[in-house]
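These notes open a run of structures that come right after.
In what comes next, chain A is part of two complexes: it sits with chain B in the first one and with chain C in the second one.
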Partner chain A sequence: MLSALEPSSEILHPDYTSFIPARTRRRMTDGLKMAAVCAKDCLAQIGLEQPDAIAVGTSMGCSLFTKKFLKKIVSFEGGLLSPTSFMLSTHNTIAGQISLLLGNHQYNMTHTQNTLSFEHALLDGMMHIEEGQNNVLVGAADEREEELYNIKERLHNQDVILTCGASFFILSSHASKTNPIKLVDVKSLGLVENVKLKVLQLLKANDWLAKDIDLILYASSHQTTKKELSELFEVGQLFDYQRVSGLYFTNSAFALNYATDILSRGKHPVEAKSVKKILICNNIIPENLGLMLLEHC
Partner chain B sequence: MEELTNTLKNQIIEELNLEDIRAEDIENDAPLFGDGLGLDSIDALELVVIMENYHGVKIPNSAIGKEVLVSINSMAEYIMQHQSES
Partner chain C sequence: MELFVTGIGVMTAIGNTVAENFHSLKVARTGIQRSAKLGLMLGEVSFSNEEIIEKLGLTKIDYSRTTLLGMLAAKEAWGKNEHKEEIATGLISATSAGGMDRIEKYFAQAHHEGMDTSRRMTYENGRTTEGIAKELGIKGYIGTISTACSSGANAIMHGARLIQSGRLDRVLVGGVDPLVDYNIKGFSSLGIYAEGICTPFDQNRKGLNLGEGAAFLVLESAASLSITGNKPLCLLSGWDNSTDAFHQTASSADGKGATLAMKHALKKAKLLAKDISYVNVHGTGTQNNDLSESAALRNVFGHKMPPFSSTKSFTGHTLAAAGAIEAVYCILSLRSNAIFPSLNFSTPIKATGLIPATSFREKVEVKHALTNAFGFGGNCTCLIFSKKM
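Our next item is the complex of A and B:
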């Protein structure tokens, strides 16, 4: 089991030099470097050179470059602007840069939908699989933005440690022989007033019952989510994944990674129970709800 | 002149995110493109932006750009010449 984050926890970065050429690296912010390295490592783990499509979710994009670009607009009073900061200040640079780094000429798209960005990328990937693609690279990345600490009191969730991260996956049309985990369903819902109702609707749509689910990984900014979920599930089944991921707005991708690890081992992260079915419930912002159902086949 | 060349080197390192290079690593006469610092066409635009925003000197066309954006010395000389004219 992963340890819960402490205020003294540090963000660790991999050695980017062994993954990204120096000339490319200097035009990348941390978020982009994390995404690129994670995507390359994901492909290497299953021995796949090129995916059939790339879909990435990011809430803040390359926020460090965006901030730099905006500051220059002000400080140079509308004068000439840096082309590099401009190129990298757009959110869609993430999927584009991964594509360039891989030499991939297929579809690539970056989705930005606040706390549901990763879920949108997943839905995009699933549609490509349904249309006949075999392997789609799907992931998410958000970088650490120091300015967020200055406005932390305006964020919904004040008790969680602000972090950053990148997670990438291969959605495949065929089950893996070594690690057969099925992404059963994904929902991205806005203007949500009743989390319990939406969860029940998702379960019903997939012919699942609440008692079928062994573990619920959830993220929330308020007590209501846990209260509503506890009306459907045992409290011991609920696990707040932000205790181990910290808060960044695509941390549901971390939850999916954590869920696949748990399903691979088949063991509950806290209790001595087997786990075959997992619900991920991303409710970081009260009105936004991302739901994912997974099972070990 | 020396102060200007050092300023230019630091601005280039900062604006072009040259992570592993220090100002003292850049020779005043070394070529900025190709075998020297290995800059590319996007960097050329960044140099034009540095010249205009930080030193108030415009590069009016690509022909002059090819003469000026050769080395730290050629950039510094062009800046000094045009700042004194204005």
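Our next item is the complex of A and C:
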């Protein structure tokens, strides 16, 4: 099991040099570098050169570059303004830079719906598989940027650690021989009033019963989510993934990564029992609900 | 599966409604003017935030201009549609600025007064879309796309795919961007902001002028139509997004991404290049875009280029809204059998020799209209709208 984040925890940096050419790397923020490494590592793991589509979720995009350019504007007193931070500050810089690194000419999309940004990218990828593509790269990244936005205030001053992260995945039309995990469904719902009802509807649509689910990875900023979920599931099945991921807008991508690790091992992170089916329930913003169903097949 | 367009709404520097936009396109009246405040050529929407708040009868007043412009255009498109349990309805908007207009005010205040107001800031794009959804009472799939200047076209494409996949029956799709200092300074810093009025596809073009606006479309499946009884305006028949993978902000000389997007969209629509009656080009008026796009147009249409125009000479470049605004203009072209002019054109680009339509033409049979939208990150999108046969 991954240990819980501590205020003293530090962000881990992989060896970026083996993934990103030096010239490109120098201009990149940590968030961009993390996303690029995850994307390239994903492709390397299955020996794939080019994905058939790329879909990325990010709430804040390249917020560090945005802030840098904003600061330049307010302190600007004539002369020339360097465009570099502006050029790299669009939300689709992450997905765009991945296409440049790979030389990929396929579909390239960026979804930016605060805490549901990743679910939207994942759904986009799932639709590409349904439309007949073989391998789709989906992922999410958000930077840690305390000054620029009020994420903690907006997310109800939770007692969780503000951080950043990137996670990428390959969705394939065929099951992996070594690690056959099925993304059964993904659902994104805005302006939700009844979380319990929406969870039940999704389970029913997929012929799943609440009792069949071995683990529920959930994130919430208020007590009601856990209360509603505990009316459907045993409390022991509920696991708050933000304890290990920390808080950032697209941390449900971390939850998917965590879920696939758990399913690969087949073991519950806390209890001595096997895990074959997982529900991820992202309800960080009370009115936004992201749901994912995963199964080891 | 057929995808029906049953509602449109638009507001730009040339009008606050579909009818006003059509009239300005017809009489060749640009909305780009020199701003007294900034000294730059801008395409500003005539309504102030206060006027929009009053028109919509809003009680909350601290909305971003992005949300406000979006609400008005979305309401025009939505029209008399009603919410029904059996019609799965969604909203997909596109924006690049998000709540930037409000952040800029805070940032300037913080800088000038040495105050730390920065912690109160947010420019989450998604919140502007949620504001529009709340105003229209749409719940469920509420999404925002942000791929710079192709965002609006991508929102339309994404809505189409959600209907095609069976996840939605009806979706309001579009894009919105207000004029913000951030983008004005940004495009100026790139050296591509024209001092005078933009002259798309002209050999002597000097860059773009920014504009603001919003546009929304209602897309429906046949099943949705049978319940709503809405009359289709036309079909969304083809779409594609492809990537140039050449440079973060510049387009390739051979227009690879744009060529792929147009070819794939034609294939999706089961059409040939010769079937296209009108092209609303991306045509920003920058040296790089117009040269790259004309190379792509030559790749796709060869020497049989259909009538085309850049309506950015009317509205300015409205960034994330552009793809949606120009989609509405394509629908107007189909509906009225009209070709809209490109303004300020005099000399063809030497390398490609393409000549846009320069006057308003009626009584032209427009069966299929194609529109391009390209953005930073080499993001290239093409949409095709067709008359319902």
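Definition applied: the second predicted complex is superposed on the first by the 282 of 297 C-alpha atoms of A that agree within 3 Å, B and C clash if a C-alpha of one lies under 4 Å from a C-alpha of the other, contacts with A are read in each partner's own complex, and residues count from 1 in each chain.
In this section, a residue touches a chain if its C-beta (ideal position, glycine included) is under 8 Å from a C-beta of that chain, and two chains touch if they have at least 3 such contacts.
Owing to the predicted nature of the structure, the values given are computational and were not obtained by experimental measurement.
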{"item": "First, second, both or neither for A:V192, with chain B first and chain C second", "value": "second"}
{"item": "Touching partner for A:N283 - first (chain B), second (chain C), both, neither", "value": "neither"}
{"item": "Contacts of A:R25 with chain B and chain C, given as first, second, both or neither", "value": "first"}
{"item": "First, second, both or neither for A:T260, with chain B first and chain C second", "value": "neither"}
{"item": "Partner chain in contact with A:T225 - chain B first, chain C second, else both or neither", "value": "neither"}
{"item": "First (chain B), second (chain C), both or neither touched by A:G96", "value": "second"}
{"item": "Superposed model, chain A: greater residue contact from chain B or chain C", "value": "C"}
{"item": "Partner chain in contact with A:G79 - chain B first, chain C second, else both or neither", "value": "first"}
{"item": "Contact residues of chain A, present in both the chain B and the chain C interface", "value": "76, 80-83"}
{"item": "Contact set on chain B toward chain A in their complex", "value": "15-20, 38, 40, 42, 45-46, 48-49, 52-53"}
{"item": "Parts of chain A lying in touch with chain C, wherever the complex brings them together", "value": "54, 59-61, 66, 69-71, 73-76, 80-83, 86-93, 95-97, 99-100, 102-114, 116-117, 120, 123-124, 127, 130-131, 146-150, 153-154, 188-192"}
{"item": "Chain A residues touching chain B - in the complex, by the definition given at the top", "value": "22-23, 25-27, 76, 79-84"}
{"item": "Contacting residues of chain C [partner chain A, same complex]", "value": "96, 98, 103-104, 107-108, 110-112, 118-127, 129-130, 133-134, 138-148, 154, 158, 161-162, 165, 167, 181-182, 185-186, 188-191, 240-249, 256-257, 260, 375-379"}
